[in-house]
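Dumping the structure here so I can ask a few things about it.
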Amino acid sequence: MTTAETGSETRLLTTSKAMVEAIAQEMERDPSVFLMGEDVGVYGGIFSSTEGLLERFGPERIMDTPISETGFIGAAVGAAIEGMRPIAELMFVDFFGVCMDQIYNHMAKIHYESGGNLNVPMVITTAMGGGYSDGAQHSQTLYGTFAHLPGMKIVIPSNPYDAKGLMTAAIQDDNPVLYFFHKGIMGLGWMTPNPRATDHVPEAPYVVEIGKADVKRSGSDVTIVTVSLMVHRALDAAEALAKDGIDAEVLDLRSLVPLDREAIVDSVTRTGRLLVVDEDYQSFGMSGEVITTAIEGAFDYLDAPPRRLAYPDVPIPYSNPLEQFCLPNAESIAAVARELVNA
Amino acid sequence: MIDEDTQRELLRQMIRARVFEEAMAEVYMEGKTPAFDIAAGPVPGEMHLAAGQEPVAAGVCANLRPGDAVTATHRPHHIALAHGMDMKKMTAEIFGKETGLGHGKGGHMHLFDPETHFGCSGIVAEGMPTAVGQALAFKKQGKGNVAVAFFGEGAANQGAFHESLNLAALWKLPVIFVCEDNAWAISVPKDAATAIGNNSDRAAAYGIPGALVSDNDVTEVYETAAVALERARAGEGPSLIEVKTDRLLGHFQGDAQLYRTQEQIEELEQRDAIRRYEQALVESEVLDSAEALEIWNRARAEVEEAIEFARSSPYPAPESALTGVFA
Amino acid sequence: MTTAETGSETRLLTTSKAMVEAIAQEMERDPSVFLMGEDVGVYGGIFSSTEGLLERFGPERIMDTPISETGFIGAAVGAAIEGMRPIAELMFVDFFGVCMDQIYNHMAKIHYESGGNLNVPMVITTAMGGGYSDGAQHSQTLYGTFAHLPGMKIVIPSNPYDAKGLMTAAIQDDNPVLYFFHKGIMGLGWMTPNPRATDHVPEAPYVVEIGKADVKRSGSDVTIVTVSLMVHRALDAAEALAKDGIDAEVLDLRSLVPLDREAIVDSVTRTGRLLVVDEDYQSFGMSGEVITTAIEGAFDYLDAPPRRLAYPDVPIPYSNPLEQFCLPNAESIAAVARELVNA
Amino acid sequence: MIDEDTQRELLRQMIRARVFEEAMAEVYMEGKTPAFDIAAGPVPGEMHLAAGQEPVAAGVCANLRPGDAVTATHRPHHIALAHGMDMKKMTAEIFGKETGLGHGKGGHMHLFDPETHFGCSGIVAEGMPTAVGQALAFKKQGKGNVAVAFFGEGAANQGAFHESLNLAALWKLPVIFVCEDNAWAISVPKDAATAIGNNSDRAAAYGIPGALVSDNDVTEVYETAAVALERARAGEGPSLIEVKTDRLLGHFQGDAQLYRTQEQIEELEQRDAIRRYEQALVESEVLDSAEALEIWNRARAEVEEAIEFARSSPYPAPESALTGVFA
């Protein structure tokens, strides 16, 4: 599952612990790294994204903030242009609307507007995803919204190994990086258990390059392109499909900006069939972009029109049967893949 | 001096809310033991209970009239109940049932009730502009109604607080801003988030009255709100009220509360405002202990009935998720 | 150019005057309509979107606001659920980041969350578009960002007739509607003259149905799908293409939500070729969605892979040669259309 | 009492800014007559000039030291110049040239200069958090530097104002908030937007000092800023300063100013702060008329040279638009 060779000991870690380990190692290495957010201190992050950091680095470097996202994310921008490397946590990505101006009009544009004279080396970490009845304002993924707006890298790990390597890369990057973690991949004790949320992770620091997709399962009949928790669902679907003799490739994009278009085209060229699985709203988002990328690069290799299985264009309902009806899952992914292969 | 009927009513509303929250705390754990899974059980998702904060809701809402609007937060039950929301429909919504206020689409943080003009939002402080707009509508419609925005002390550092107060003050709108200062925003204490001690002092930044109720006392809340509401109904504009209140439970159910000590929590329990008020009413002979017990018992029966209604109601049809985006 | 028959006198109006006329007629008809925004009163809207309304309806119904977009757009939401029909102007769509939470977490979701018990009948008008060196924070179109998020209708007129009819429809709609007007189609005296920004408009009120695309030029060789000012550029391109014997169809989507997928599929089925022209950022936006729609509905009719010509994924530069290099124009549209037809 | 060198320097900075703005007003119209087209001429786009507001910029920035940071707004020239930005590179940026600060990518509202730690933003109030963050960095780095956020009175009703002041006060950051109250936000007068008379009174909402400079007087600005800066450098936290100043021109060039009368505009011109200060310095014999004239002449020469530099510089290569999104 991992491509990089680090030569170091590995341990079983949850995604959240792997992510925190990367932050801690970078904070050790580089005194300009610090972290701000709501409940990142004693609480350790609502989704354990900062657990243990306060104890280790103290309140000067692990700073609880008021509920002032424009204020503290904007402050991160200001600190970044003065040579710090802040990490700011937006507790749920759903809250982006209270601070989007700082994110996309400032963080993402200052480097360009300054003609390259200023860098904004910062990371925004944010939780995404639903499936546990948190309603319309706490369950969204929204990565498509950010990926549409130029100037920030968009990183979306699906497992502990990538979570650590991509976090290290994000902190070391001289550009603003949005780091989305799905609550369902963190390995939290209070979420529906997910066996893929714990895995072997090297102890030594390492980097997973931002902008490189990863084949999480290779296959020859159909390419399933997705990110984050839906990688797990796709892998489950692939297992079911294998029993039917359908050999599915699962391509984990890992980042949307930069988008590894080559990997998409390469895989589709080999399989001739594309299914995009997307937990974000269907229209005007990731699914359309990936399909268009395949059309632009592999039109002549397509054996059937690409398909998509995305979150429908409706706000996220609270009630469990409603929400589950909307979310792609292993069964629905396998069903569409079968249709595609039999088309 | 508050008349005796009103005193009993204030107690009754606080007790209803408390009994409801305690029942929710229990129901919430159903299906989540031994291995806690937030998605499991009859009531999934986040659950923010307001035990301890009942005086704020009861004291303010007892002053409201039909047609007055209320917006609340992620912690809305006590307010919704005090404002007259149907407990059955509300409970059914929390259970995600077809018979719920939003047919299961809203949930615990999104209780909308056109009948009582009640709404809430899970985004901190962002329910406040809604109330400003409701007040604006009332003024345009010449209705004489008032809108009330409840929010936490944590919300008072969000931009929406500032914009809402300025707009309401500027346009002299009939709206009351009620800050429930329970001293905590999840794990962050007020003094680690707010540059000054009392948010009521921020009223001066908008040229409006700011009142402080300093000990979670329903009488004082009631009287303070009465003044503010009178002012609003008279067309003299908004007021800001801050109530120092207590969050007896965790931020949400399942919160281990590692950020405060067991002693701190017990201290809060010891000064429980409902018990204090009940005692005071018994002492001043507004009611006797039997009558008090009767209030508790009735509340328990009402809550049980509501939960039973919710339990026995059907879930909405899964495919109904796809409809209702547009009117 | 117009499809509806109203039987009323027409006059030559600019887009801005047509838009204002619709607002005025609806305000006459319905006392619950009022308008709020920055500089909408004496100034008449920075882009003349409210010109003359204050004089006619007075300060109670045409309200200048503080620079508090969260405050007054949120207030519009509150007023709407209490039975008013507010129109709120967001001066430039580029400013959405200071008030997005009210727009997408409140305005767009309350109807759904309430199980249909509350309506939010309001209109947000907003100016979009560049080409006149207003820099990275004042030149964007961003309609793709909004179209991705469910719960609001997205209307984007390209000419005076549609501007009036769509505004009337937007105000009468029981749902939240975002009404985007491009500065370059308003017919302002201080922008580069645009002959298509003035046209015959019926005096009597009429509705252009939201969700219906319009064939602004029919053709048989290639379908050019676009919105707003790019409709004008596409029509110019079509004229040039006609001289080369290429017969281009220009489909004006007019709204993105609901998206008239049938019209896209229908046109592409007839022409076999699709070019999407988009002034919004290229990736994860309109161009991908329209191409995917064609793939889903007309794959077998495609004679060549669809193409797109969009604003590249870079913030909008200030300097004229840089900005013009990025914007699609008649020449670049015609060039891609030629490649597509000759592919 | 301000020493005489500083007095002359204050005058010089105000004059430089004024001469620059007057020259811009003229250059801006080039290529735009007879038919005004905002996209035409050597300087396209919006043009917000600050003539009348020079005392604020000069008075504050004269107190700053190397390494101190400044963020400004859509109306940034007077501040950028007072803070020491290279006039040539700034002018070239406004002309959209390769030799400009941002190689033509930023423009008049996006002047970024790492040398002087200067930045600005065209989004009202949203430049303020940047300054808070710069101050946070300075504190962490132990640099002893200060950040200054300039903003208009219109910006003080935006959420970012509130969040910035609270955060800075809470964390006792070395930052100064300077409100240029020119009484107008485009066409909207202050009293139609702000619920109270003086934004300096809003400092109390954050427990920080608020100072009012009531008549656009550079001396008073200088002295008020000095106190605030000393406080900030001493680690005692932020201050808010409000200066009642004058916007002599339209909001942007081309603004017909139908919202105010010709008389109102002339009244402002008559109380021009630069002429007043110049006169005062001549009267108190800090300089004589010839020296004053010399300052104007030098400023004219400097501005002409900067404009000549900008004019004769090449435009960036069109395809450079596609690079520089990421470092």
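Some observations on this one:
In this document, chain identifiers A, B, C and D correspond to the written order of the chains, with residue numbering beginning at 1 in each.
As a working rule, a residue touches a chain if its C-beta (ideal position, glycine included) is under 8 Å from a C-beta of that chain, and two chains touch if they have at least 3 such contacts.
Keep in mind that what you see is a predicted model, and the values were worked out from it rather than measured.
Among the remaining chains, B is positioned farthest from subunit C, on the basis of C-alpha centroids.
Interface repeat of C-D: among A-B, B-C or A-D, the matching pair is A-B, sharing over half of the residue-numbered contact pairs.
A separation of 41 Å divides the Cα centre of subunit A from that of subunit D. Between the Cα centres of subunit A and subunit B there is a gap of 35 Å.
Remark: subunit A and subunit C have CA centroids separated by 32 Å (rounded to whole angstrom).
Shared interface positions of subunit B, defined as residues touching 2 or more other chains, are 100, 102, 104-107, 110, 121, 123, 126, 157-160, 163, 166-167, 170, 192-194, 324-325. Shared contact sites, meaning residues of subunit A that touch two or more other chains, fall at 65-66, 68, 70-71, 94-95, 97-98, 101-102, 105, 112-113, 135-137, 150-151, 313-315, 317-318.
On the side of subunit C, the complex with subunit D involves touching residues 38-39, 41-43, 46, 64-71, 94-95, 97-98, 131-138, 189-193, 312-315, 317-326. Within the complex formed with subunit A, the subunit B residues making contact are 35-40, 44-46, 93, 96-97, 100, 102, 104-110, 121-126, 154-155, 157-160, 185-188, 192-194, 254, 258-259, 315-316, 318-322, 324-325. Interface of subunit B with subunit D (complex): residues 157-163, 165-167, 169-170, 192-196, 201-202, 204-208. Here subunit B touches subunit C in the complex through residues 69, 71, 100-107, 110, 112-114, 117, 119, 121, 123, 126, 128-138, 140-141, 147, 159-160, 163-164, 166-167, 170, 324-327, going by the rule given at the top.
Of all the residues in subunit C, the ones that touch subunit A in their complex are 70, 94-105, 108-109, 112-113, 135-137, 144-145, 147-151, 256-257, 259, 280-281, 283-289, 291-292, 295-296, 299, 305-306, 308, 313-315, 317-318.
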